[in-house]
Structure formats: structure tokens, C-alpha cells
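Structures are listed in the sections that come next.
Each of the next two complexes has subunit A plus one other chain: subunit B in the first, subunit C in the second.
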Partner chain A sequence: MLKKKLNLWHVLLIIIILGAIFPILFMVSNSFKTLRDSYGTMLNLIPLHPTFENYSLLNKQVNLLGLTWNTFLMATMVTVGKLLTGLLTAYAFRSYQFKGKMLIYLIFVSTIFVPFTIVMIPNYLVISKLNLLNNIIGVALPQLCDATGIMIFLKTMEKIPNSLIDAAKIDNIPNRKIFFNIVVPILKPSIVSVGAIFFINSWNEYVWPTLILKDKSSFTLPLALQNYISSEGGTNFPLAMALSTIMVVLPLIIYLIFQKYILNSISNSGLK
Partner chain B sequence: MQNKNKKFLPFLYLLPTAILLIVFLIVPILYTFYLSFFDWNLIAPTKEFVGMRNYLEVFTDPVNQKVILNTLIYIVFLVVLNFLFPYFISLIVKFFISKMQGAYKVLFFIPSLFSLVVGAMVFTWILNPVSGPLAYVLKNVGISMPNWSNSGILAITVICFITNWKVFGYNFILLLTGLGSIPKNIIDAAKVDGIPKWRLIWNVILPMNQGIAIYVLILTIVQGLQYVFTPINVITTGGPYYGSSNMIYQTYLNAFVLYKTGTSSALAIVTFVIFLILLFIEIRFVERKAKNYA
Partner chain C sequence: MSESNATIELKGISKNFKKNTIIDGLDLFVNAGEFLVLLGPSGCGKSTTLRMIAGLEEPSSGKVLIDSQDRNQTKDDGHTIAMVFQDYALYPNMTVYQNLEYALKVHKVPSKNRTKLIENVLDTLNLTKYRDRLPSQLSGGQKQRVAVGRGMVKKSKIFLLDEPLSNIDVQLREKARDEIQKLHVTNNQTIVYVTHDQLEAMALGDRIAVMNQGIIQMIDIPENIYNQPTNLFVAKFIGTPQINVIEVSLKSNQLVLDETPIMQIQKPGLGADSYYLGIRPESLRCSKTKQTDLSFTVTVENIIDYGRFVQLLLVMENSHHLKAIVNNNEFKVNEKIFVTLEQTTSILFDLTTEKNLYWGNYE
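Let's look at the complex of A and B:
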């Protein structure tokens, strides 16, 4: 009677959290161990003799700064492109009645159901014709628009009261100004969260870049990391963990800052 | 003049998206459809018309048959791990606990932030049958870890677990949001009537949450089959002997490793048709919004 019965479901949920987080802790902790140490004390999450050896070795083997810069630049291009096209498209849907509106909307919805394999060969050929192989612009170019972004922006824009836009129209404020000075500022939270999600996804992207970037100097971080796995079994895991750790820092920081916005946007994307 | 201008404006806003969609989505789909009737190797100056032969090969070639079967196995595993499991947990969080819901959301989502290459790398080590920590722990209790990369079905299981690590939190949040949008008075009424929780969930909550559940289920299949590409390519490259390949991965192998553009395109078209069937289900049950624009 003194205490409410302990809710056993929390035990299950905490086990799931451990399952989700343990691999990250394992990765970070082993990246600070020497190869020999890691095999002896693999499961010690706090390294006995912390060392930056793996990081300095990594820095000798690959151009860390170049890799990070390539990845950052590519993710930025993709993010800016997707935000711009998404905002413009959503604004057209919010503000105008036009023929074929439903058809265009359904095409946007359908794009999520297009497997990348069906556009892979033609897009590869186009990028190759444009001489953009081994160039991050070639990676970014085919993915400058995204249906999920359009949907989320549209949902937020529909909450803007008509009276606000109408008042601006009566005052003869040009459309361009309504878009940039009224709509975009109201949408700031969505833009930030959707932008953060786009950036993180693009930062992590692997499939399309492997087709376009073959030359090591053009690699992004995920491609460089993949090079550290060896099918023959001789993988230097602590070294790979160091590169993995470098890869997860930026997404984690973005999440720490914008966590609330990001989770809200994801929730919204599912509400139809 | 004014009127004409107005009619033209929305299309101006749609123009960048339209150009990108036409150049990098619609035309490529049509071109892949065209390629699926030809024999080609991505480089040769001429393509040989072969009619339906590539499609015949998709369904009669033993390797492709194996890959189609694998795809079905992947779908079953993905639905259980990435849909049913998070759905169960979201029901627990919504109806069986009262505290820390926000904290669970924030923590469950963390792995979704990370690249599947990182996930593949970390799990390859954790699950390494010789030198991994799990093998070490199991050895201490007298169990030897199977060499999973030598078995197609075990490799598929591991690969699905890796994607589960990444998508669980994301799907959990979507499903929890759906449950959150069910009117509270319905739940309260059931409580007053003393209806057991599981009966309430089964008879009222699940049917009411059907829209978002179908959405997540379909997304799990469509995106899941593509997500597994990364761990397949990083860990097994489809092996042992195509044992862990699926239709998506086989399409890639045919195009960029075997240089059989025709087979690759036919596989891509067949995959697309399957996804389109799922899309029709989605539009039928989920996209109520489209009607607003009719």
C-alpha cells in the first residue's frame, strides 16, 4: 500500500534502450583503445588506457578533413535544394487553385514508392554524360527535391490563416514578398526541423554515392568507412570504430540542439 | 493580363520541382522500362531487342527465383521487427505506463540518426563469430556462436536486425503519434465501463489507428527492402551464393557488377509494380487528403 506496484513494463523499455544505445557506447569506447587492449577488454565501456592512437593512424591513412568537407558540402547542397523546392511547391499548393492539382499531389505521394533501382541506371548515365562522376555535385543533383518535405511544409502552411494572406494581397504586396516575408518566417520551425532531417539523412547517405563516387579523393565519410571492412576477416575494428565515431558526432549535435523540432516533424509526417 | 498572370504563377512555383521530377524520376522510369526489353551492358554502342526475354529470366532463372524467395523472407522479417515490434511497444508506452513517455521517445530515436554503414560496421564486430563480444559472452556459458555469414537465412536475420536498430525509433514515434490522435474521451469511457485494456486496444484502438498503421506497415516494406541494401553491400555483398540478396540488391548487381542492364531493368520494373500495388493500398486507406484537391 505504501508504494505503487513497480511497473514491470519499464524494465522491458529500458532493455530496449540499452539495446539501442549499447552499440554506440561500445563503438565510442573501443575507438579509444589500442588494438591489443580492445581484444582483451572489449566489453569495458571505459577504456583502461585511453589513447588517440586510432585517430592519429586514421588521419595518416585517409584525408579526414577532405572526407568531412565533401560530406558536409554534399549534405548542404541536398538540404538547401530540397528546402527550396519543397517550400515553393507547398506554397503553390497552399495558395492557388489550378488544374491537375490532385494528380500532381498524387505524383508527389507516389515518389516515395519509387524504388531507387528503377532510376539508378538512367541517372547514372545522365551524371556520367554530364561529366559529374566522382563529383559530389553529381551525387546531389538528382536529389534536390523530396516529397516528404513538400508534405510537411504543406501541412504547416495550411495552418496559416487565409485572412493574413488575403490582407497582404489587398495591400498589393507582390507574391514573391508574401512568400519570403510572411510565409517563410512563419514556417521557420518546420524549415529548421525538416532541414535538420534532410541534412542528417544526406550526411549518412551511402547507396547513390557508391555509384557515383569511385575515386577515393571524392569519397564521403560513409564510403571511406565501408573501405575499412574486409571480407577476409582482417578488419582493424578499433580503427573502424574511430571513423564511425567521427561520423556520428555531427548528427548527434544537431539532434541535441533541435531534438524537439525534429521529433515533432517526424510525428507530423505520419499524420494524414 | 492580370488574370493570365495568375493562372501562370502556380506553375512558376512548381517549375523547379517539375523539372527535377521529370529529368531524374519520370524519364528515367520510362527509360528503364525501355531498357528492360533489350540486351545491353551499359557500355556497348548498340542494344539488342529481346522482347520479353529479360522478364522471363526474372521468373525462371534459379538465382532470380532464390532472390524473389529471399525478398519474401525479408518482407516477413521486416514486418515483424520493424512494424509489429514497435507497434507493440508504442501500445505499451501509450496505455500501460504513465511516466517517462517523452524520455523513451527521445532515447529510442537516437540510432535513427546514424548511418547504416556505421550500424553494419559495429554489428559486424559485436556479432563476429570469432572475435566479437557476443561470441565471447556465449563461449563463457558454453555456447558457440554460429558463423552466420555462411548461412543465407542467418545473414538475412542479422541484416534485418541492423535495420531494426536504425528504424525502430522512427516507426515507434509515428505509431505513437497515431495513438495519441485518438480522442481521449473514447479511452476514458472504456475505463469507466471497466473494459479490460487489451480488449479496448483490440476492439477500439487498433481499428481507429488503422490509417497510420497501414502507412507505417507499407513504408516498412517499401523502405525496408531498400534500407537493407547498405548492410548487404557492406557485410555480405549478397552472399553466400545470393543467399542474402534481395530484388533490390540483385538489380544493382545485374547493372553495375554483372553489366546485364536488361535483367536489371526487368527486375526494377517488377519491383516497381509490387510497390505500386502497395501504393494503391496506401492511397485507398491513408491519403484522405488527396480528396481535398479533387
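Let's look at the complex of A and C:
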């Protein structure tokens, strides 16, 4: 391996990797530093006096389990919702001919270009009328359908040969079974990777949950984190880093579990 | 689940895609237990016809009757029709065994019967050792057998095959063809088989329907398709090397090519007019010496030795080309030789309608 000469590309790649990995190492290391050390030797990646103090303090101050559960619940609802609606809509576009199909599809896709700031207020009003403020369901509800998923799944489904669906139709397999037993398994790699992206995005979401969730007991992790880098708790830097570390752990585990699929879906559509 | 067969009848079927007419007023009757081959060039509507029989495509007008019942009004329990697709259409997420099992499972065939059925089919097709493989781990020939097997486990009355052999190696094709024929003999299902390969059609079909531009040109037993094609299209489509077609005129009971009489003809009622004369390459008698008054000279332009036979490409004096098949080649390139046409097997076509005028020894 070392026999190969380091060329300019390698150097560039190494710089990029360091740039990507440094913030994470920085976050983890500072979460194990005392408050004093973190201000004195902030850039030092190895804590001088390693301590679990921040984590135990955090555990006393906030309900970590509750926060994680809220975030997990919301992200799961949103992910499952987006995947299910996306897959079903894409399948309808894939399999049925109906009037105005192209127009409806274009309208769906164009919603991708509508910035969140525009739909924020109307969505808020609807959620408040539905009495879902301060409720995780209120956060999840407007996000259960997403045109990105529809678009990606439709593109993948178009690669499924018609004969495969025809073969099932000849055997009188009901449409519902064709969808769940044939189409979904074929799409598994792209479902997993799109799902992972949906989940991580939703997990990290901040603005929309802030609007809906006011009660601390319903907070998600990013909302709780905000409290440590703003006025309320004072900026306790190692504490904020500890919470950040906790926040990253679950998505990281999910990513590692499904990494195989995520990488697969890039190189392989699962067919052939 | 009975191992019976069914008749298929197409009545005045038309199919339009947008403004294009793919099939125009097609009538077809397939007898129970018959092996019918739909043969034609690509785009002739043969696959569309098959898909309409299968119910995957609705005819724009006309009716599809299965056992004299309108297929739209009878509820298909999934056991009437089985179909094999050109690309096999195996479910990529299921193993060989699961592919065969899936439809039976959905239709709630008891698992004991299921296992027995599938194992029988796997055994017949020599697939038992591949039962747990995914389609992506199979060769083309194996995939094709699984596709046929998936149709077989249904024990359907009708078996439709859409160019099932076109994606496998030539070496395997003949074996697979024999297997399909064997299946027909043992199961006696009604089979409709689509292909563009005339050899496959001739080898397999009880009858062949030759299609072109959405119309059945001729439907008959293979022998008649080859020897008595109804029109020029069928004559040219069947047979390799292709039939020779030359334009001749009739003068006092002789067919004349550029003032040279080449054939005697006795059919009454033919006017002194121009015709197309079709002669199969094997009906050309080539010789170094003049055999009869009607022999004419040609030059050998090219010789291809196929091993089994030798094909001569001949140029007539009017620079028209003829192909001849001889068993033993005694000729050389650029040699001038004599050709005599065999009268009994040659076919005369009308110049405008291109229809067979049925003359000579045909009844």
C-alpha cells in the first residue's frame, strides 16, 4: 500500500477526510473535558483530565431517555410515513394509466422547490387548529409525505421490467401482494438508503419542532441542545458537547448497520 | 387443477396503440391440446396477440374466447393460463423454489400438495440442485427452465410462451426446444408459442400462423407453409437460404426470362402476363453440361460450404442473383454452369397481389 506514491489527489483526500472527521473528534473529546480544560485546551483532542462528569450532570439536568425516545418516535414516524406514502404513490404512477398523470406528477415534484419557510406558517395554523401543538404527532404529521421519496422510488421502479409485474398478474396475484412481495423487496436497497437519509434529517430537525413543541417533556434532542448553547443554561460548552455526542450515537449505529445497503444502492439497483 | 386443455378463439380482434393499428381484424382458432406457433418478423403484432390471449392487454375491439367463454366474463382462478416471458421475469428476490411456489402459496394450495408439485417439476427440469439459488446465480438456460417450471406447476389449461428461447445460447437452444416439445407431449396443454425463428416454428408447431403487419398471412401445418405459401411474404419469410424470386413472363405455355424460356407450364387460365416465380434453392439443378432445352447459363459468384450442404451464389446473364444448394460441390468460383429449374416445387405468384396462383402439381 505504501509502495504507491502519494499523489496530489491523495493529499487532497486526506485533507478533506481530516476536515470531515475533526469536528466529530473535537466534539467527543470536549465532552470528556472539565469546563476549565475545555476553555483552556479546546483544540487539544486528548482530554488532560478525562471525566464522565458532564454526562452524569446532563443525566441529572435533563431526561435523556425521554429526549431520545421523543426524537426516535418523531424520526421513526416521519421516516415510515415518507417511505410508505412515497412507495405507494410511486407504484401508482408506475403501474396505472390515468388522466392528468403527468400533471399530478409535476405538481408533486414541484413541491420539492417550495422552501420550508413558506409552508411553515400555514402548517402551523393547521396543526394548532387540529389541537396538536406540543405533540410529537403535530411535528410528524405535515412531513408524512414527501416528493423526494416519490421521485427516487419512481425512478427505481421504472427499472423493474414490466414482464415481472405481468408474470404476477397472469398468476392472478392481487396488486397488494405484487407491491409488498415483489416490488418492495426489489427496492429494498434504495428503501434502506432513502430511509436512512429521511431518518437522519428528521432526527436533526430543529426549526419546525421548535414551533410545535413548547413543553420540555415533549422536546426532542436538538431542542434540548439549544438550551445549552443559549441563555437559559448559560453556555456550558463540555455539557453541550456531551449532549451532541449522545445525539449522534443512534444515527451512527443505524448507519453502520445499514451501511452495506446504503453503499449497495449506489452501485446496484438490486435487479439482474 | 385438472390436467385438461382449452380452446382459444380470437374473433375480429383489433388493437390500436394511440393512432397506430397494431392488429387489424384478426381471427384465430386454436384447438384444444394444439401447439400453435405465431411466427413473424419483429413488430408484426405476434407478441401483442399473445398478450391479449393472456389478458395482459385489452383488445380495442373484438373478443377473446377461452373454451367458448368470453375471457372478460369468466373469473380466472389463476389456473387457466400460464405464460413464459422472453426475459423469464423471475422474481429476483425469491429462490428457484420460491419462484415456483409463490403463486400456489398466494392461491392457498395446501403446502403438502405444493411441495409435491414443485418437487416433481424441479425433477423433470433437472433443477433440483438449484432449488435454493436466486435467479441472479443461474445461467441463461437454467433461468429459462425455471421460467418454464413456474408455468408448469400451475397445471394450466393453456400455456403461452413468448420467445422463450431467444435469450439463450444457440448450443442450448435445441435442447431446450426438445424439452418444450416433450412437455407438450406429456401434458397435452394448449400451447401458443411466439417466435421469430422459423426453425423453431417448423420444429415445434402443430400449425404455424405466419403474421405480418398485424394480419395472419397463413395458418397451416409446417409442411404446407414451406411448400405452398399463400403469398410472397410467407414464401420469403420461411426457408434459409431464402427462396429465389424472379420476374418472368408467360409466352405460349413457357415461362420466359428475358427471351430465354426457363420452364414449361400447363396451367389453363393464366394470361400472357408477368409473374413472380419462386424457387427454393434446393430446387435448382446445377450442372456443367446443358441438361434440357430449358437449362440456362449462370456464373458462380460465391461458394459457401456449410458442411451439411454447399450454397452457391449464382449470377444470371441479366445480373439477377440466385441461390442454389448442392450436396457435393464440383464447381469453382467464376465458372459458367447450367441451371435447370424443378417445375413441381416452384411457385408462381401474381405480380400485383403477390398471391400464390397454385399451379403445377399442387392440389
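We adopt the following convention: the second predicted complex is superposed on the first by the 248 of 272 C-alpha atoms of A that agree within 3 Å, B and C clash if a C-alpha of one lies under 4 Å from a C-alpha of the other, contacts with A are read in each partner's own complex, and residues count from 1 in each chain.
Following the convention adopted for this analysis, a residue touches a chain if its C-beta (ideal position, glycine included) is under 8 Å from a C-beta of that chain, and two chains touch if they have at least 3 such contacts.
Treat the numbers as computed from the prediction; the structure is a model and nothing was measured.
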item	value
Fit-or-clash call for subunit B and subunit C when the two complexes are aligned on subunit A	fit
Which superposed partner A:Ile46 touches (first subunit B, second subunit C, both, neither)	neither
First, second, both or neither for A:Asp171, with subunit B first and subunit C second	second
Which of subunit B and subunit C A:Leu65 touches, first, second, both or neither	neither
Which of subunit B and subunit C A:Lys101 touches, first, second, both or neither	first
Partner chain in contact with A:Met247 - subunit B first, subunit C second, else both or neither	first
Which superposed partner A:Pro122 touches (first subunit B, second subunit C, both, neither)	first
First, second, both or neither for A:Val11, with subunit B first and subunit C second	neither
Partner chain in contact with A:Leu256 - subunit B first, subunit C second, else both or neither	neither
Chain touching more of subunit A, residue-wise (subunit B, subunit C)	B
Least C-alpha distance (whole Å) that remains between subunit C and subunit B when both complexes are overlaid	8
Residues of subunit A contacting subunit B in one complex and subunit C in the other	270-272
Of all residues in subunit A, those that touch subunit C in their complex	161, 163-164, 166-174, 177, 181-182, 185-186, 188, 270-272
Complex contacts: residues of subunit C adjacent to subunit A	51, 54-56, 76-78, 81-83, 85-89, 91-93, 102-103, 106-107, 136, 150, 154
Subunit A to subunit B touching residues, read off their complex	7, 9-10, 12-13, 16-17, 19-21, 23-24, 26-27, 30, 39, 42-43, 84-86, 88-89, 91-93, 95-96, 98, 101-102, 104-107, 109-126, 141-145, 150, 175, 200, 203-207, 210-211, 221-222, 225-226, 228-229, 231, 233, 235, 237, 240-241, 244, 247-248, 251-252, 254-255, 259, 262-263, 266-272
Subunit A contact footprint on subunit B (complex, rising order)	6-7, 9-11, 13-14, 16-17, 20-21, 23-25, 27-29, 31-32, 35, 42, 89, 92-93, 96-97, 100, 104-111, 113-126, 130-131, 133, 136-137, 165, 168-170, 173-178, 181, 211-212, 215-216, 219, 222, 225-226, 229-230, 233-235, 237, 247-248, 251-252, 255-256, 261, 264-265, 267-269, 271-272, 275-276, 278-279, 282-283, 286-291, 293-294
